[in-house]
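What follows is a single structure, and I will ask about it in a moment.
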Amino acid sequence: MAGSTYGRYFTVTTWGESHGPAVGVVVDGCPAGLSLTEEDIQVLMDRRKPGQNKFTTQRKEEDEIQILSGVFEGKTTGTPISMMVKNKDHRSADYSNIMNVYRPGHADYTFDAKYGFRDYRGGGRSSGRETIGRVAAGAIAEKALKEMGITLESRALEIGGVDGADRDALEKYLQAQMAKMDSVGGIVECVIHGVPAGLGDPVFEKMDACLAKAMMSIGAVKGVEIGDGFQVARAVGSQNNDCFEADQNGNVTKKTNHAGGILGGITDGSDIIVRAAFKPTPSIAQEQETVNRQHENVTISIKGRHDPVVVQRAVVVVESMAALTVMDLLLANMHSTMDGIKKFYDK
Amino acid sequence: MAGSTYGRYFTVTTWGESHGPAVGVVVDGCPAGLSLTEEDIQVLMDRRKPGQNKFTTQRKEEDEIQILSGVFEGKTTGTPISMMVKNKDHRSADYSNIMNVYRPGHADYTFDAKYGFRDYRGGGRSSGRETIGRVAAGAIAEKALKEMGITLESRALEIGGVDGADRDALEKYLQAQMAKMDSVGGIVECVIHGVPAGLGDPVFEKMDACLAKAMMSIGAVKGVEIGDGFQVARAVGSQNNDCFEADQNGNVTKKTNHAGGILGGITDGSDIIVRAAFKPTPSIAQEQETVNRQHENVTISIKGRHDPVVVQRAVVVVESMAALTVMDLLLANMHSTMDGIKKFYDK
Amino acid sequence: MAGSTYGRYFTVTTWGESHGPAVGVVVDGCPAGLSLTEEDIQVLMDRRKPGQNKFTTQRKEEDEIQILSGVFEGKTTGTPISMMVKNKDHRSADYSNIMNVYRPGHADYTFDAKYGFRDYRGGGRSSGRETIGRVAAGAIAEKALKEMGITLESRALEIGGVDGADRDALEKYLQAQMAKMDSVGGIVECVIHGVPAGLGDPVFEKMDACLAKAMMSIGAVKGVEIGDGFQVARAVGSQNNDCFEADQNGNVTKKTNHAGGILGGITDGSDIIVRAAFKPTPSIAQEQETVNRQHENVTISIKGRHDPVVVQRAVVVVESMAALTVMDLLLANMHSTMDGIKKFYDK
Amino acid sequence: MAGSTYGRYFTVTTWGESHGPAVGVVVDGCPAGLSLTEEDIQVLMDRRKPGQNKFTTQRKEEDEIQILSGVFEGKTTGTPISMMVKNKDHRSADYSNIMNVYRPGHADYTFDAKYGFRDYRGGGRSSGRETIGRVAAGAIAEKALKEMGITLESRALEIGGVDGADRDALEKYLQAQMAKMDSVGGIVECVIHGVPAGLGDPVFEKMDACLAKAMMSIGAVKGVEIGDGFQVARAVGSQNNDCFEADQNGNVTKKTNHAGGILGGITDGSDIIVRAAFKPTPSIAQEQETVNRQHENVTISIKGRHDPVVVQRAVVVVESMAALTVMDLLLANMHSTMDGIKKFYDK
């Protein structure tokens, strides 16, 4: 498969650039009979909007989602769901300072190296606007999962080392960085409740392997961990093993959850915990040394409205990618046993 | 695709359990004309052998690789390469203490939850022996990459927090843990040299996303990072951005490599740096609380020869998965431009 | 992958129903640097338009294609190309006679059996309008192939047993069938010139296997053949084998082409010849016996503007599917030899 | 995916050449809990053996199947099932007359064109022995399908135009062809009973499209048809449409089955009927004109034991490919509706 499709069963194909006429997504493999409206999707879409606080860009992006296929009389039909958001803000602008220069930390140089040329108007395909398709698809996955009793909770755990929930400390920290014309990164955590035991495969399609790819496929993510994550490298087995115990109803539970809900790549019924580390936004107004398309050394200072931090806006993207992954493996797992298949077909 | 296949172009399918007659792998999509002998593969195979130091299991595992297809007169033919290693050590043993009990930190419970029953003789499909197939396939990928000037270097960066290169400190630390009947984890790092700029796709098939999945698909890995990894979450943009500069030959290089060789999911021509965090081996002789198949609370103490640490043996597995990933994206990248395709077909 | 995606490298995902707001397609994996305009695509689109002769429906379908992404400054960027055609003719109509009844020869019953309900406004996802996406994608493939010296030629070989090129006989035959309120089928042939030897794989991804799937995935196709096709079943080897001969330049050619350009699944450099048999349009005004959603026996007579024959309109669909298939295997073949890869990367 | 893997869910990867040490297959995605022994597989394997009548080669091929993984205590475990057959008859032989010459009707030339060289000892990867893996995998699929009430029946419908069931006429015809040192083709038909309505997707993954690929992926097949097949091209709609009717129990049935059990790509609950046309065996003892590797015109006469007809031996291969296809789409269909998924997970 070419590189803009995610998922093997619940399949998501995003398309569109920041400065083209529109961005969108096709979701193929969504089961028939799920109630779905544009409002269901807009709720998640709005969580990734900028302009929600003073540290994200003040552009007005309405990002109104439109469903073009796959829903009939308020229900999914089982056929591809095509969704689109028009790019309202793609008026002709002055790109002269970036069209010819490789911005540090951006994909400008690597796009040229790969494709021979690039759409120099903003991030092109690497723009944050590509995530609109992910969130629209994620909203459908989340709705389907909810009907199965599976819910997702996600938040900015840390921003630049500051507790993401401590608004006062955060505001102070971000003000200081903005004054220095700098940018910051952070960590997003997603916890998935209610996942039945048994999802994920024991070898390459492990639940954690799929989540790792999902997270690392988000622009700016440089690290992913499950459960105790990197801390396990310094733990000992007697601490790190989660002891099983039977609850009053005879169900198998765990006394701790260092494993983050996954053992041997397969969910164990406890919460799945995944974290992604985001690098600081590469667009900064400070002057930086770099190279132009003619491979001459130059300097660049990136003007314009740029988020000094994208972590809060990325929370819903992390959640969407997690939802898509769990949905995909939930479908995959239906093939695991002959008994399950025979029961399904009533044989 | 079912869950035992890795890669889209250079495709690897592993099979086999620890206590079946054999384990093996089929590599499909290997280009024709690569010189290949069983010795080429055995070199990497031997790096994952136990018994190389006193802290790994003393079992004699010869693990002699056999090529069954796809090589003719010393060269790959372009058709599937089937390789197999016989399991010599699968004599009937006494599994009575584990066949009925869910070992903490192992996949016993999750296998039962998924498949309704499990091969209780050792790790089954989750055994470390499954990695034999990965390493055999990785050896082929590494050989092909070497012909392209791409080489991989990997090592145990940390074991239980101790510098993996400090043998004295390490021996002391491991002795202490063994005395406590405990086990330890660690961090493996792989650096990939000579990768041309342009590999990887900008959206879901990012080089880093693919590496993340590759690493997290290895049993016991709970975290993955690229370049500065989790540290980026506390860095600022002006530090974290790698400035480009042109060298004397007019080639684009970077002054630093915080990005670990990947920008926007696409390689930038500098070294790719990836790290994986391994949890402590779950098999420990200490008594642990757990549950049996009847969902009764019991205790278990795991006897037998178990590695208190698998990190050193896992180094070559990390390297193999990295090689498979780079090889796959090297092939994928051949489709990137019309000019490249026309030059290939001489049009 | 879910079922609306075709191709492994040059990947096409169609979406949309006959009576939704639009139909469209996302083409992912198109190489960068191909000159492309909406006009390039419209040319093929216009070949599938109805109303081109008196035997196809007289509806006015403008079907104006719109490119929404993946093209910048007149060239493909290597990222997904999203294309869309608005459904102009989806005004509220009276579907009372079909919403509750299973039309013979249509997919009404099977959609209900699969999805639990269906979009009863026309063919839904099984409508001929789904092929708009195929043709738009096929136009891109055909343009790329042309730059490689590969061209496609296709035609209605037979319509209802009448020579598709004999307009007089054809008109007479079709008039007679229309007078009887009946419909007819036919055979479409596509010949592909200039395909280099070596495309296609020897086992499951044979060129002919891929073409067979491509053809049979077109609604109404019930048979596919390559070269001499079903006639080979009654031929003897000494006739059916194509003898090789060297031409003046020392190139390998064949004296005959019973094989239709494919040997062992791999192209041999001669013309590829593929034929598809189309069934008569199932919508006929004659009264037919059938069953309704309540599983009661009823009769139905299908009113409205329906093509008594779709074969001519399907010619460009056959050609598009053939172009997509050849393009896909052309890309796949770039991985066949180490020499080719090393030359590509200049090693 | 590389080209030796078939199926998206029930995934089959074959490997091996006619003259290597072994041929085999890995089946991944087989549900856990299916009773399976080597005998189950041997039954189908024996149906493809040569030497069953005087017109097939008299070589003794024992072809004893060995299961190497994925089965524990007589049941499939849900993990990959690796199976292998040793090539007993690959003693060093004299290939001097074929190693340097392109046999007409064979893949010798196309292999060289694709891979730069080839395994010249017999058919290599294009050998009929590759089908051993297909049949072994097909035997598992058939066993699983049988538990769902789905059975397959297949036969040689025609051999060289002679009724495949008329042994006397057939013997006479084959004797005559052998006397002329010629070979013959034929038609194989497979009928699949008991398939529930709803399998297959409406667009690219139509049941008939998948069957067409499956059939055409068998060496020597040049045509595929479903139901009335090519005859539909000369039928009229009023004949070709199958009228529905409700039976006494209120189930939807069809009065006729011109459609071969598939409408709009989705099964309708009646028998699936598929036919494949096989070309005459290309290896004939008659002298043929051809070209050698140096591209010089030469003649060749192919000595040795060659089947003058492979149609009877191919029957079980057709059946196996059909079984694999139905099994795959049976699994795919489990994702079709939210109701089905919720029922599966008991929500």
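Labels A, B, C and D are assigned to the chains in the order they are written; within every chain, residues are numbered from 1.
Keep this in mind: a residue touches a chain if its C-beta (ideal position, glycine included) is under 8 Å from a C-beta of that chain, and two chains touch if they have at least 3 such contacts.
What you see is a predicted model, and the numbers here were worked out from it, not measured in a lab.
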| item | value |
| --- | --- |
| A-C against B-C, pair bridged by the larger set of C-beta contacts | A-C |
| Chain of greatest Cα-centre distance to subunit B | C |
| Where subunit A and subunit B are represented by their mean Cα positions, the distance between them in whole Å | 25 |
| For subunit B paired with subunit C, centre-to-centre distance based on mean C-alpha positions, whole Å | 43 |
| Between subunit A and subunit C, centroid-to-centroid distance (C-alpha), Å | 36 |
| Per-residue overlap in subunit A, given as positions that touch at least 2 other chains | 1-5, 8-10, 14, 29, 32-33, 78-79, 114-116, 125, 196, 202-203, 336-337, 339 |
| Touch list for subunit B against partner subunit C, complex | 8-10, 29, 31-34, 76, 78-79, 144, 147-149, 196, 202-203, 330-331, 334-345, 347 |
| Residues on subunit D engaged by subunit B in the complex (per definition of touch) | 1-5, 8-11, 13-17, 20-24, 26, 28-29, 32-33, 66, 68-70, 72, 75, 77-82, 84, 114-119, 124-125 |
| Of all residues in subunit B, those that touch subunit A in their complex | 1-6, 8, 14, 102, 104-107, 109-111, 113-116, 125-126, 130, 158, 160-161, 177, 180, 182-187, 196-199, 201-206, 208-217, 219, 221-230, 232-238, 240-246, 250-252, 255, 258-260, 263-269, 277-284, 286, 288-291, 295-297, 332-333, 336-337, 339 |
